[in-house]
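First chain A sits with chain B, and in the next complex the same chain sits with chain C.
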Partner chain A sequence: MGYINAIIILGGINVIAALGVAILTGYTGLFSIGHAGFMALGGYMCAIMVMEFNVPFAIALLIGGTFAGLCSFIIGYPAFRSRLRGDYFAIATLGFSEAIRLVLNNTYEVVGGAFGYMGMSTLTTLPVILIAVALALYFAHMFVTSQYGKNCIAVSQDEVAAQMMGVNLLRTKLIALFISAFYAGVAGGLLGFYMAYLSPSFFSITRSSDLLAAVVFGGIQSLIGPFITAFVLIAVPELLRFFAEWRLVVYGLLFVVVMLFRPQGLLGYVEMNFAFARRWWSKLTAKKDASAKGGAA
Partner chain B sequence: MELFFQQIVSGISIGAVYSLLAVGYALVYSVYNFTNWAFDAFMAFGAFMAFYAISLFFMPFWAAALISIVLTIVLSVGSERLAYRPLRLRKAPRLFMMISAMGANLMIVNLLNLIFGGSFRRFPVDAAKPFFIGNVSIGRMDLLAGAISFAILALLWWFLYRTKPGLGVRASSIDIMTASLMGVNNDAVAFIIFAVTGALSSVAGVFYGIKYAVFPYMGLVTIKAMIASIVGGLGSLPGAVVGSLILGVLETLVAGYISSTYRDLFSFLFLVIILLFFPNGLMGKSGDEKL
Partner chain C sequence: MSTAILSLRDLTVDFGGVRAVNQVTLDIQPGELVGLIGPNGAGKTTVFNLITNSIQATSGDILFQGKSIRNKMPDAICRMGISRTFQNIRLFPQMSVYENVELALHNAPRYSILEAFVRTPRASRIEKETRQRAFELLEMVSLKDYVHEKAANLPYGLQRRLEMARAMAANPSLLLLDEPAAGMNEDECNDLIKLIRQIHTQMGYAIIMIEHHMNVVMDLCAGSRIYVLNLGSILAVGSPAEIQSNPDVIKAYLGERRNVR
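What follows is the complex of A and B.
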C-alpha cells in the first residue's frame, strides 16, 4: 500500500508541474526545457519558509510558487521584450535552471549546498496531494478557458495576427510564464516535503525533459492529456524497473515518432470538460421524466 | 600581465570552438527556421568517436579526428532524413520540428550514456606541453584548436560566398521556395547544410573534449554557443563568431580572476544584461520573427 501511495504522490507532483508546462508550451507555444529550475526555487523557498519561519505548509507552498513565478520574470522579461525566437527562449530557460542548480550546489550557508537541505518532515501525504492536484487542475482549467487563456492560444497560433487583434504579447506571455512557474514551484515544495529533504540533484535537466515529455505525449492544447501522461510517465518506470535506465532513450525516440505520425499527441486539442457527464445526466433525468409521464398517462 | 595574456589567448581559443557551434546553429536556422537541438548530441558523439578511435584502435590524432568527422556527418545527415525531412515536406509547424530535434537529442545523448557510461574521460592527447612566447605560455592544444577553428571558418566563408553550391545555400536561406523554383536542389542543400554542421560539431566536440573532458552530457556547452549567437546578433554568421569570441574571453577572465565555480553563471548573467540593453544583440539588425 505504501508503494502505491508513493507512486500516486510522486505522480501527482509530476502532474502539477506538467500542468504548468502544459499552460506554457501547450497553450502559449513557448518551449521550456528548464522547468526543473522553477521547481527548485519553489521547493527551497517553501522549505525555508516552513523550517526557518514556521509558516504553515499550505501558505508556504503558495509563497514558494509565487517566488518561482516572480523569478521567472528574470528571464521572461528580457527574452519576451526583445522578442526572442521561441528556440532562444527555450535555451534561456535551460541556462536559467542550470544557473540555479549551480548556485544551490555551491551555497552551503542556508540551503546545504550539494548535500541538500535536510531535516524536513513529511507533510505531503495522500490527501494533501489529491487536494492539490484537484485544485491545480481546476485553476488550470479556469485559466485556459478564460480570456487570458484565449489570448495565450491566439499567441501560440500566430503572434502577428494576435497582436493585430489587440493581444498584448509581452503581458500574455509573462502571465503564462508566471502561472507555469508557479505550478512548478508548488510542485517543488510538495516534492521536498514528501522526500523530507531537498537536493540540487532532484532538479536536473532530466526532470525538465520528463515534464516536456509529458506535455508532448499528452498533446498540445490539452490539460487532460498531459495530466494522464505525466502520471503514467512516473508510474511506468517505477513499476518496470528495468525500463528506468532506458526511459530517456525511449522518450527521445517517441518524441520523433509522435511528431512524425501523431503530432497532436495523445489528446491534442481535446479539452477536458464535463459535457459528457451533463449529457448523461440529462439523458437519465429525461428518461425518468418520460417514464413518469408514461406512468401518469 | 603574463597571466592576463595567457587568459586572453586561452579565451580566444575556447571562443573559436564556441564559434564553430554557433555558426552551425545559425546555418541550420537561416535556412530551415528551426534550431537543431540535436546539435549538442552530435558534438558529444563526435568526441566519443574520436576518443575511442584513439584509445581502442591507437589511431593517430588526425586519423581519429577524420573518422569522427565522417561518422558525425553520417549521423547528422541521417537524422535529417529520418527526423526532419518528413516534417519539412509536410510543412509542419516549427514547434514540431523543435520537438523532433529535442527527441533526437534526448535519444542520442542517453544512448551514449548507457553504452559508454557517464564518467568523465581525459582525452588521450598530450596537451600539457606548453609553448612559450616570451614569458607567456600557451597550451599547444589551445593554439591548435584556435588555428584550426579559424581555418575552418575561413573555409566555410569561402564555400558560402565564392562557390556555386554556396550560392545555392545562401539563396535558400533567403527564400527556400523561390530558390527551388530557380533550380536549386533542395535535397542537395539539406545534405550540404547537415553535412557541414555535422563536421563543425564533431571538430568542436573533439577540441572541447581535449580541453576539458569527454562525457555524454558535454553537449550542454552548446548553451554557450546559443548565448554567443544571441549576443552577437541573431542569425548573423559574423555575429555568431564575434559573440563567441567575446564570450570565450569573458569566461576565461571570470574563471581566472573572480571565480571558476561561477563561470557559467556569469555567461548567463551576461546574456540577460545584453538582452536588456541590446535586445537585438551587438551586431544583429532585428530579432523579430520572420514574417
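What follows is the complex of A and C.
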C-alpha cells in the first residue's frame, strides 16, 4: 500500500508541474526545458518558509509558487522583450534552470549546497496530494477557458495576428509564464515535503525534459492529455522496474512515433469536458423515456 | 484639417536601398470611406503596415485623432481604434469562428486575473456580454450558422467575412481593409460591396480600402475619394470619375503607348 501511495504522490506532483508546462507550452506555444529550475525555486522557498519561519504548509506552498513565478520574470521579461521564440526561448529557460541548480549546489549557507536541505518532515500525504491535484486541475481549467487563456491560445496560433487584434504579447506571455512557474514551484514544495529533503540533483534537466515530454505526448491545447501522460510517465517506469535501463530508449522511440503520426499529441486540442458523459446520459434517459412510452402504449 | 481622424505626414520608409513608401501625405475624415489603389508593388499594404506600426517608418509622422502613434506598439494602436484585415488571411486556424471574434472583443480582458480563476459573477456577466456581442457581429456578416466551425475549415469567401467580423470586434473607429475582394468572383464581389456599405453606414467607421477589383472600388468610393499609389508615392487623388480619366493613372496601370510607327 505504501508503494502504491508513493507512486500516486510522485505521479500527482508530476501532474501539477506538467499542468504548468501545459499552460505555457500547450496553450501559449512557448517551449520550456527549464521547469525543474522553477520547481527548485519553489521547493526551497517553501522548505525555508516552513522550517525557518514556521509558516503553515499550505501557505508556504503558495509563497513558494509565487516566488517561482516572480523569478520567472527574470528570464521572461528580457526574453519576451527581445522576442525570443521557439528553440531560443527553450534554450534560455534551460540555461536559467541549470544556473539555479548550480547556485544551489554551491551555496552551503541555509540551503545546504550539494548535501541538500535536510531535516524536513513528511507533510505531503496522499489526501494533500489529491486535494492539490484537484485544485490545480480546476484552476488550470478556469484559466485556459478565461479571456486570458484565450489570448494565450491566440498568441500560440498567430502571434502577429494576435498583436494586430490588440493582444499585448509581452503581458500575455508573462502571465502564462508566471502561472506556469507558480505550478512548478508548488510541485517543488510538495516534492520536498514528500522526500523529507531537497537536493539540487532532484532538479536536473531530466526532470524538465520529462515534463515537456508529458505535454508533447499528452497533446497541445489540452489539460487532460498532459494530466494522464504525466501520471503514466511516472507510474509506468515504476511498474516496469526490470525495464528501467530501456526507459530512455522507449521515450525516444515514443517521441518519434508521436511526432510522425500525431504531431498535435495524443489528446491534442481535446479539451477536458464532460460532454461525452452528458451525451451518454441523455441517450440513456432517452431510451428509458422511449421504453416508458412504449410500455404506456 | 484638424478634424481628420488619420493624417499621414510625409510618411517614408526605406527597405535597405529601396524607398517603398515615399513622402505619403493623406487625411481621412471620421466616417469616410476612401479607396487606395495602385499597381502591384506600389506600397499599398506597406502603408497599412506603417499605420499599424508593424513596420517602423523611416521618417514622417502618423497622427490618429490628433495624436502621433508612430512609437506605439501594434496592439496599443489596435486598442486605440485602428483595426485591420489582412491581404493573406490571418485567422486563428484552430479556434472556432466564434472564438476568433471573441478574441478581438476581449483583447484586453475586462476582468482581473484572480476573477478569471474563480469566475466571479461579474466575470461571468462580462463573458456573457462578450458572447452576445460576438453573435451580433457574426450575424452581421452572416456567419451565424458557422459559429462552432473551426476557422480553418471555412471556405475562402467566408474566411474573409470572418476577418472583417474580427476586425470590427476590436471596436475600431478606423478600419483598414486589405484587398477584401481578392480572389472573389463577380457575385461574391457584389455581396461584398453590400456588406462593406452596410458596415460603413451602420457602424460609422472611417474605412480605408485597398482593392484591385475596380468595380468594387469605383462603386464603394462613388461619393468620396480614391488615392492612387505608384512606386511608393501618391500619384493622384480624386473621385472615381476623375481617377478613371486621369492619364497618369492609366499610364501607371497600362503603360504608355509607344508611337513606333
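Following the convention adopted for this analysis, the second predicted complex is superposed on the first by the 276 of 297 C-alpha atoms of A that agree within 3 Å, B and C clash if a C-alpha of one lies under 4 Å from a C-alpha of the other, contacts with A are read in each partner's own complex, and residues count from 1 in each chain.
Heads up, the rule we're going with is that a contact is a pair of C-beta atoms (placed from the backbone, for glycine too) under 8 Å apart; a residue touches a chain by one contact, two chains touch by 3 or more.
Quantities reported herein were computed from a predicted structural model and do not represent experimental measurements.
Participant: So, on chain A, is it clash or fit between chain B and chain C?
Facilitator: In the arrangement built by aligning on chain A, the partners chain C and chain B fit side by side.
Participant: For A:Ile75 in the superposed arrangement: first (chain B), second (chain C), both or neither?
Facilitator: After superposing on A, A:Ile75 lies in contact with chain B but is clear of chain C.
Participant: When the two structures are laid over each other on chain A, which of chain B and chain C touches more residues of chain A?
Facilitator: Answer, by number of touched residues of chain A: B.
Participant: Hey, in the superposed model, what angle do you get at chain A between chain B and chain C, Cα centres, nearest 10 degrees?
Facilitator: 80
Participant: Just to be sure I read the superposition right, which of the two partners does A:Lys150 touch: chain B = first, chain C = second, or both, or neither?
Facilitator: After superposition on chain A, A:Lys150 lies in contact with chain C alone.
Participant: With both complexes superposed on chain A, which partner does A:Gly252 reach: first (chain B), second (chain C), both or neither?
Facilitator: The first partner, chain B, only.
Participant: Touch test for A:Leu130: chain B only (first), chain C only (second), both, or neither?
Facilitator: neither
Participant: Considering only the touch criterion stated at the top, classify A:Val160 as touching first (chain B), second (chain C), both, or neither.
Facilitator: After superposing on A, A:Val160 lies in contact with both chain B and chain C.
Participant: Under the stated touch criterion, which partner chain does A:Phe139 make contact with: chain B (first), chain C (second), both, or neither?
Facilitator: second
Participant: Figure out whether A:Leu239 sits in contact with chain B (first) or chain C (second), or with both, or with neither.
Facilitator: neither
Participant: On the combined arrangement from the superposition, state the nearest Cα-Cα distance between chain B and chain C in Å.
Facilitator: Taking the overlay as described at the top, chain B lies 11 Å from chain C at its nearest C-alpha.
Participant: Which chain A residues are contacted by chain C in one complex and by chain B in the other?
Facilitator: Touching chain B and chain C on chain A: residues 160.
Participant: Where on chain B does chain A make contact in their complex?
Facilitator: Against chain A, the touching part of chain B is residues 29, 34-35, 82-83, 86-87, 92, 94-100, 102-108, 110-111, 114, 217, 220, 223, 226-227, 230, 234, 261-262, 264-265, 267-268, 271-272, 275-276, 279-280, 287-289, 291.
Participant: Any idea which chain A residues touch chain C in the complex?
Facilitator: 139, 142-143, 146-151, 153-154, 157-158, 160-169, 175, 221, 269
Participant: Would you mind writing out the residues of chain C in touch with chain A in their complex?
Facilitator: The contact residues of chain C facing chain A are 52, 54, 73-76, 78-79, 83-84, 86, 90-95, 99, 102-104, 106-111, 113, 116-119, 123, 126-127, 130, 166-167, 170.
Participant: Give every residue of chain A touching chain B within the complex, in rising order.
Facilitator: Against chain B, the touching part of chain A is residues 29, 31, 33, 74-75, 78-79, 81-88, 90-92, 94-96, 98-99, 102-103, 106, 159-160, 205, 209, 212, 216, 220, 245-246, 248-249, 251-256, 258-260, 263.
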